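Each remark here refers to the structure printed beneath this line.
Letters A, B, C and D name the chains as they come in the text, with residue numbers starting at 1 for each one.
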Amino acid sequence: MSYARQMLDSYPSTFKVDASLLATTIDALKDCAQACTADAADDLSERDVTELVKCIRLCLDCADVCAATVAVTSRQAGYYSDVTKPLLEACAATSKSCGDECQRHAQMHEHCRVCAEACRRCERACHELVAAIK
Amino acid sequence: MSYARQMLDSYPSTFKVDASLLATTIDALKDCAQACTADAADDLSERDVTELVKCIRLCLDCADVCAATVAVTSRQAGYYSDVTKPLLEACAATSKSCGDECQRHAQMHEHCRVCAEACRRCERACHELVAAIK
Amino acid sequence: MSYARQMLDSYPSTFKVDASLLATTIDALKDCAQACTADAADDLSERDVTELVKCIRLCLDCADVCAATVAVTSRQAGYYSDVTKPLLEACAATSKSCGDECQRHAQMHEHCRVCAEACRRCERACHELVAAIK
Amino acid sequence: MSYARQMLDSYPSTFKVDASLLATTIDALKDCAQACTADAADDLSERDVTELVKCIRLCLDCADVCAATVAVTSRQAGYYSDVTKPLLEACAATSKSCGDECQRHAQMHEHCRVCAEACRRCERACHELVAAIK
């Protein structure tokens, strides 16, 4: 069981969203943040780095937005939906843009393929959590 | 001149938003992130900490969202408006919620008054930058 | 296989540390960052929050230090050992302090027990990686 | 007066370090974090980006370490010196490495010159705060 899930299961109060959905989202956000950080660094090691500048920029943005969203959702999503919902929407938009760009380099670079996958999973998880906290 | 402004003035390319507006926004975001981090810690030192739990939570959220937004806007706002715009909107919403809550404690706690001011300035700056990158 | 490991396996170059050790460390850091963020929030929901102020502060510090260390190690630990080593040492010290404090509340609060465990695992992983990059 | 200073002046308790020194350090850390984030992005816009890969990596590391150190010191440096001291030392080491690398590109790129200056100021501030909390 992931630590995100264990932490949710030991939460002293109830929360407004299904714990399983919340844990899945937090795990997807954590993975995406780290994959994007790593992918930006991997891109910097490639010979064709000049072709990858947009990918690097978007990975850096996506890592930052996902990291903030991990923190906010770890404080129990839905608690302040005024805060959580627009952030999840921004995170979905960012991971979509980043995933699209990584996908363009997926055949050339395996690390971009893995990162694109992490972005897609993150984007889906954000949308599902937004729908659940409506 | 702030470092944010100096960095913008030495940027090797043009960007789509007025440099002065962008520098003002970045400075407001930096200040708000730090003020919220400090305010959450100050609240924890107060005797009436149980009255301040919502304030602490929102300050922590606001600090995280502002920190991500500093980073993304420092990579030149407007570059990928699909990313920047929803994030600025999320940041405006978060600093509004946080500023409202800090304001409630402003008479009792000077640090909440200062933090509320930083949140208001941040919220305004985010709205102005969103309008400019439309 | 974790995303950290998948990203390392698709890295276009060699790195100076065993990939399995590096992936384990990155995963332990990610888990600890998130567990500490969640534990601080859980503490804020407890009735005895005044008893948990030190725990909250250390969890917030530990979450911030771990998040930075995830990012730096995801850019391939050992690359710039002048940067990576002192940061891993700081992260080990922080997760030790935080783990000790969480442990004190472990019998009373299950979320503190889980968080203490995440801190111990993180502390060990940091020490092992420091030893490997010597 | 900076927000960091205003927040310190409204702190409800005493702290173990001179407020003026602490505020100066926090401001230097904030500036360095943002300058490094911007410099990494500026480097990515340069034609000779392949010459700047080490600079970009170190700027990204330095931004992450400074951001964590802003947060920890904003929770009142010296409170838990087991946490604060090693982190400030790691931050001094990182901003030294980053400042050295930025300096190498300072004549060619004005943004690297400004960033090197922000790194030097941050490095000095970290050393002074470490000395004060001994």
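We take it that a residue touches a chain if its C-beta (ideal position, glycine included) is under 8 Å from a C-beta of that chain, and two chains touch if they have at least 3 such contacts.
For clarity, every value in this text was computed on a predicted model and none was experimentally measured.
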{"item": "For subunit C, the least number of touch steps when starting out from subunit A", "value": "1"}
{"item": "Selected pair, greater C-beta contact count between B-C and A-B", "value": "A-B"}
{"item": "Length of the line joining the C-alpha centres of subunit B and subunit C, rounded to whole Å", "value": "27"}
{"item": "Gap in Å, rounded to a whole number, between the CA centres of subunit B and subunit A", "value": "21"}
{"item": "Per-residue overlap in subunit B, given as positions that touch at least 2 other chains", "value": "41, 45, 57, 60, 67, 71, 75"}
{"item": "For the subunit B and subunit C complex, residues of the former touching the latter", "value": "40-41, 44-45, 49-50, 53, 56-57, 60"}
{"item": "Residues on subunit A engaged by subunit B in the complex (per definition of touch)", "value": "57-58, 60-62, 64-65, 67-68, 71-72, 75, 79-80, 82-83, 86-87, 89-90, 93-94, 96-97"}
{"item": "Subunit C residues touching subunit A - in the complex, by the definition given at the top", "value": "2-4, 6-8, 10-13, 26, 30-31, 33-35, 37-39, 41-42, 45-46, 63, 67, 70-71, 74-76, 109-111, 113-115, 118"}
